[in-house]
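Multiple structures follow.
Both complexes below contain chain A, partnered by chain B and then by chain C.
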Partner chain A sequence: MDGLTLFGTWIAAFLTLCILSFLYKDNPFYKFAEYLFIGVSAGFWIAYNFHNLLVPNLIDPLFGADGAFPKLVREGQLDIRLLTVIAGLLGITMLFRFFPKVAWVSRYGIAFSVGLGAGLMFIVYLQANCIYQIWGTVQLSPIVITESATGWHFDWGASVANTLLIIGVVSALVYFYFSKEHKGLLGGTARLGIWFLMVSFGAAFGYTVMARISLLIGRMEFLIDDWIKETLIALGLL
Partner chain B sequence: MKSAYAVLLLTVALTAAAHGQTLRTAENAAAADKAVDAGGSIDVTWAPSPDELEAEVKVLGYEVWRARRPAGDYKKLADVEAGKESYNFTDEEAENGVEYFYKVRVRGEEMSTDTAPVGPAKATREWFHPNRLNMLIAAVLLSAFILYYISQARAGKVLFIRRIAGLEAVQEAVGRATEMGKPVLFVPGIADIDDIQTIAAVTILGRVATMVAEYDASLLVPCSRSLVMSTAQEVVKEAYLEAGRPDAYRRENISYLTDDQFGYVAGVDGIMVREKPAANFYLGTFYAESLILAETGHSIGAIQIAGTAMPSQLPFFIAACDYTLIGEELFAASAYLSREPRLLGSLVGQDWGKVVILISIILGVVTAFLAQFGVEIFGRSIALEQLFVVK
Partner chain C sequence: MRREIPMIVAFVAGVIIILEFFVPTLRNVAGQLQKWYLVVVAFAILVGAFNLLRMNYMKVRGRRVDWPYSIVLIVGLFAMTIVGIGWGIGQGTVFDWLFNYLMFPMSSTMFALLAFFVASAAYRAFRARTVDATLLLVAAVIVMLGQVPIGSIWVPSWWPDSLVFLTPDWLKDRIMNIFNTAGQRAILIGASLGVVSTALRILLGIERSYLGEE
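Take a look at the complex of A and B:
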């Protein structure tokens, strides 16, 4: 590892320790790392969004080599890319927030974003959370009979798995039924549904905790291998 | 490229002549716009070369080439393995409205032969996608239920909504913060305003802000997206106005930190340990930051109410928060808190959508069971699964 890289590793290690010091309590080192992190990342994302969103979606189509404005001037034709002007204008409305008297103009941009998000997601959610869910469940038979050369056979494993899945889906769906009091049969089914949900959450919890532990291991490996070992090697002690 | 292509053809021809053999072209090559799609795709079809069927000369595979003119600069798009009765390749990189020509090359061990250019073919976008009719029916049905119940609610019909524990606690949490003289912290997730969970979170923020204004507590809303911050500022301002306390609105309390996931978490954690809010709300879209936020909130002794539709993050909120809104409870929250007829009608309408889903599932399961025994109607399998396939 060359000197400059090792210097960078020292800074990274110092900032890692500053952040980890939060485990003890809030302190000036954590505050320093926190402010630095927020400041640097906010600046980074502004530059990232400019180069990856504004430039390819607005500036290039309008003012690039084959931009719509020059074409419009040359040929007097409307171009589909001029639609980006509308998006650009909506974006500019957001800047009106800096001027209190006309800050209301920014509501047009906000309203468009919220409406667009809700409209697009209506179909996405309907497909992913509704139609696919139904499709996945209606393929299941609670009693699975298989045919072989020796005759019909009852498949215990598949039958139990399918039955659990069907009951789980139906009961969890009943839990999310809001316009009836959960009493009697409805209440019992909803309680079963929440049991199914909690069991699945428990499994997900264990799985994700293991993933988080691996993140911690990654950071520890960085501190031990990339920082301490490399420093000792650079000093000729290892 | 053009000269390279000519040299390649010449080499192929010379090689073939040297061996005294030729490779016959693929048959019935055709190119046409892919039917019923959103555009951008052209189907290229062809039948095997007679040499593949008769096995006189070994055919290794086929190549699909594309150009903008019949005698233009052809570029290779794909390799297709031999061994099929008919071939189909979908060019998914076509621009809508642009004419393309295609050639199919039969590739042998030592030679190859091209078909004549086929085309022109243009990708077009269809207005109606018959294979997605089921989606249309589901959307229309659900919308009809929602609109019907909204009209019922507006006409004065009382609509019942069952108790949701997490939402009953909202008032308690705000009241506790007021009594303790500490702020309420509202974290609207890390997604942008076009995410439906963020929209739900901001709607709930409006109700929470009204309570905060009425109780004369203070509200902190750190945001990770500038658009969410702008929307949250508008919503909270409106809520304070509604509560008759526009003077108490503090725009600077609804702030932007950073778009970066863990930079945002570091900032919110800092706010928590320094401002020591008495009530924390985590509502919206969350990823790996969920547990870090909830654990820090727990360590400062705040009452915590979380809600998300992210299945992978729900376990962490359930473990570390006092109340958790699971999945659709988050979307029901704004109707529950506001009791506004329009939102209540929408919620009841969605419930009827769930009834339809339940009936579909039960019918589907019964038919899947019967289909095992070959039960048919009009010569077709009784199973309903095909009705729910979305292409």
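Take a look at the complex of A and C:
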């Protein structure tokens, strides 16, 4: 491990310990790391979006080596890419939010992004999350028969699984139907739907806990292997 | 007109994107609009960063509670932005170094910290008082056991295949593939219908909260 990497590891270890110190109580070390994290994250996204969104979609088409403006100056030709100026202007309107007297100008940029986002969401959600999920459910067969060397067999496992899946989706959807009071058959089905949803929430919770635990293990491994062990090696003690 | 024209802008932008799905000839126009969208999104993130900067600057200027930490925030923000925009964000850059040794450790430790709070919240909230709560508790425990080696270690090698349904691995797979899929599928269908109706409300000008106050 070279000197710069070891220096970085020490900084990373210090910040890791600063954040873990919150387990004791809120303290200046935690606050230092918390504010630094927010600042660094904001800076990260500004730089990341500059290079990945603004450069390829605004700066390069207009001012790049073969951009629309150099072409206009060099060859006197109007280029369709000049329309990209509109995107820049819409973006700049967003900054008017900071000036109360002309804050209304920011509505143009916001309206464009909200309207286009709504259009995108309309198609994406309707197709991927609604139609495909319904399609995935209705094409399940509650009776599954499989072929093997000895002939045709009724597949109990797959049949029960498919039947439960269909019952689960329908009953959970019934639970989300609030236009009629949940009584009688509707109430019973909604009750079954809640049970399916509860198992689903429990599973999601279990997965989340395990994901966080694995992150914690990762941080502990970093402190022991990358920080303490590498420092001891650098000092010639290991 | 300060509200009407933005509403028309939102309608036209959204409808072109929806129509493009059915009218492929609109693909070029929609593609161009989506590039513009990315530019506007980049500026929106800039607005958020400016706002963060302004809030913390005011805090420092007014010497309000915890103001010295706001200086740390401002320094971090400027350092990352200047280094990233000035010297690039590729591998081996200073930006990459700052990401690896500042941002990544802090981010993963923040999320790792949640392990403790989730465990403590679960200890307080997970009581098998009702059928619903019991189902949630049992499903969570089985999934957690199925995820770790200890969940399968206790199953001896001679365990009969006919009793495989009593092992955490088997139960976890069934919970994830059947019950979790059913629940998540219903949530996805319900949520997507909500998104679609909200999108329609925005495009038709019924939902106008994004325009702010008059």
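Definition applied: the second predicted complex is superposed on the first by the 214 of 238 C-alpha atoms of A that agree within 3 Å, B and C clash if a C-alpha of one lies under 4 Å from a C-alpha of the other, contacts with A are read in each partner's own complex, and residues count from 1 in each chain.
By definition in this document, contacts are C-beta pairs under 8 Å (C-beta built on N, C-alpha and C of every residue); 3 or more make two chains touch, one makes a residue touch a chain.
Quantities reported herein were computed from a predicted structural model and do not represent experimental measurements.
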{"item": "Touching partner for A:179 - first (chain B), second (chain C), both, neither", "value": "first"}
{"item": "In the superposition, chain B vs chain C on chain A residues touched", "value": "C"}
{"item": "Which superposed partner A:138 touches (first chain B, second chain C, both, neither)", "value": "first"}
{"item": "Chain B versus chain C as contact partner of A:26, first or second or both or neither", "value": "first"}
{"item": "Which superposed partner A:164 touches (first chain B, second chain C, both, neither)", "value": "second"}
{"item": "Common ground on chain A, meaning residues reached by chain C in one complex and by chain B in the other", "value": "19, 22, 31, 33-34, 37-42, 44-45, 49, 94, 97, 107, 110, 113-114, 116-118, 120-123, 125-126, 130, 133-134, 137, 169, 173, 176, 197-198, 200-202, 204-205, 208, 212"}
{"item": "Residues on chain A engaged by chain C in the complex (per definition of touch)", "value": "4, 8-9, 11-13, 15-16, 19-20, 22-23, 31-51, 53-54, 57-58, 83-84, 86-88, 90-92, 94-95, 97-98, 103-104, 107-123, 125-126, 128-130, 133-134, 136-137, 161, 164-165, 167-169, 172-173, 175-176, 193-210, 212-213, 215-216, 218-219, 222"}
{"item": "Contact footprint of chain A on chain C as seen in their complex", "value": "2-3, 5-7, 9-18, 21, 32-52, 54, 66, 69-70, 72-81, 83-85, 88-89, 95, 97-116, 118-119, 122, 131-133, 135-144, 147-148, 174-193, 195-196, 198-200, 202-203, 210-212"}
{"item": "Touch list for chain B against partner chain A, complex", "value": "134-135, 138-139, 142, 159-162, 164, 192-196, 198-199, 226-227, 230-231, 233-234, 256-260, 262-264, 266-267, 269-270, 273-274, 288, 291, 311-312, 314-316, 318-319, 326-329, 332, 336, 347-348, 351, 353-354, 357-358, 360-365, 367-369, 371-373, 383-385, 388-390"}
{"item": "Footprint of chain B on chain A - complex, ascending", "value": "19, 22, 25-26, 30-31, 33-34, 37-42, 44-45, 49, 94, 97, 106-107, 110, 113-114, 116-118, 120-123, 125-127, 130-135, 137-145, 166, 169-170, 173-174, 176-182, 197-198, 200-202, 204-205, 208, 212"}
